[in-house]
């Protein structure tokens, strides 16, 4: 497995780790049950702080992508791709709910919000 | 105990070079004034002690000692204990010199062992005056202490000449081994031990909480 | 989470300088960086932890033990590296090693020889003939050879070239692979800590400015760069420290969320480096004083 960290990209380092590991799991590069390097080893290899890698693993665990067993280390979870996708869809749902709440407080209509979403979506694709 | 031995060993490693300088000293003394061989033993031990103390105080070496896993009390203890092997070393050197002098025909009287023993016993006493000053004045005052102390050593050289007048009882013992006043002897020995112990207590008190 | 070093209301006064009521836990199993400008009190603090100087008030515990009552036992478990060499100058590297080794029950000579080789230390060379960097390497080799649970390093990188600095940081990560081992590391060169430090303690003029996870500093502080027209009297108050010139301003805000909300569209918002946090905090302190 390869993880490459950039300290100038502006994206927090823990998020870079989460993103890259998640990608590898979703693309089937890391199979269920594969052991991941320990938190401390990963920190040493990447020459970053232990707390940063710890945070990345906690995040991955929260997403259900990995399991950590005390004394044994962390492994890619047994969840199948379908389950993982579902988990991530649920995350998207959660974030959308937050946005709906926020827009209601601003008194935005649904059409207005949908229009905004459409515009942003197309902008990103370009 | 193990730490004290390691500390004393350290003093010997550090003063090894300096000890070589003592060879010319003994040779010189042998040729110039072999008769006075008994007082020769005083200087080497004290010079080695001063040398070891000076090295310990130079640069940041106090910091080295104070960061070792050894209580400060033990650092002082070891310094006082170093005096014993140093005195013995001095004594042995003097005995070797005496033997050489006899072989060369420069001396023909029997070994004045009582005198030699007495002078060797003075080494810890003089060190007891030196060490508290050393711990008190530290790096800044050390040059001064060393100079003053060297003068004291020189002075004690001459004091032995006037031993007869100042302490007739002691001089008599040195001459023929007769002890006339037992009480005086006991008091003398006690005073000797008390001075050394008091010196140790004073040094401890000064050094225990000193900022380094 | 357990602490390896604990300072409780520690005070120490000098003629012109004072460490004021310092209370500080240092976490076990992590690398803690101690930063601050020269003369901020970093060395005094480390010397107190090592028992080289005594505090006027308060108490210090290392490995849960009082550092005055158990000084020898504590120091046996510490590897200490200082920027100023404190070894005997006239002996060789090998002799010095032989002087040190008997004091540590956990001394591992094979480990020492490995580092001696790795750091290219010649055993026959006199300490006084070593360069500053070499002295620090020797000191590091000693500190890593007796199984120390805690490494305390006072400005260890100051005489080192960038290549060995990197190598040393790697050795430090290696050291804390065992999660019972900890490192306290003082420096004014914060780039050493930007990467590997877990916690940062920042002191200035004898006071602790913060003791935080490095990870959360980037979420707390914001560096703003923009045109001077954005600054009025109220806005200025938000800044911890501010630097203005003819072309604009650059300043540090300690409430990132609020700062971003206000400046997002009008100025450049960045995550500050440790150096920038240090610089603006010290600058701000001077301005308010």
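Letters A, B and C name the chains as they come in the text, with residue numbers starting at 1 for each one.
By our rule, contacts are C-beta pairs under 8 Å (C-beta built on N, C-alpha and C of every residue); 3 or more make two chains touch, one makes a residue touch a chain.
As the structure is a prediction and not an experimental result, all values here were calculated from the model.
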Open item on the list: From the centre of chain A, which other chain's Cα mean sits the farthest off?
Closed with: B
- [ ] Average the C-alpha coordinates of each chain, average all protein C-alpha coordinates together, and give the chain whose average is closest to the overall one.
- [x] C
- [ ] Calculate how many whole Å lie between the centre of chain A and the centre of chain C, each centre taken as the average of the chain's C-alpha atoms.
- [x] 33
Open item on the list: I'd like the Å distance between the centres of chain A and chain B, where a centre is the mean of that chain's Cα atoms.
Closed with: 75
Task: Between chain C and chain B, distance of the C-alpha-averaged centres to the nearest whole Å - done: 45
TODO: Over in the complex, which chain B residues touch chain C? Could you list them?
DONE: 2-3, 5-6, 9-10, 13-14, 17, 55, 58-64, 66-72, 74, 209, 211-212
Open item on the list: Which residues of chain C touch chain B once you look at their complex with the stated criterion?
Closed with: 47, 50-54, 71-77, 80, 82, 84-91, 95, 98-100, 102-104
Open item on the list: If we count contacts the way the header does, which residues on chain A are in touch with chain C in the complex?
Closed with: 7, 10, 12, 14, 40-41, 43-44, 47-52, 55
Open item on the list: Going by the contact rule set out above, which residues of chain C touch chain A in the complex?
Closed with: 29-31, 166, 169-170, 173-174, 176-177, 179, 194-199, 213-215, 218, 270-271
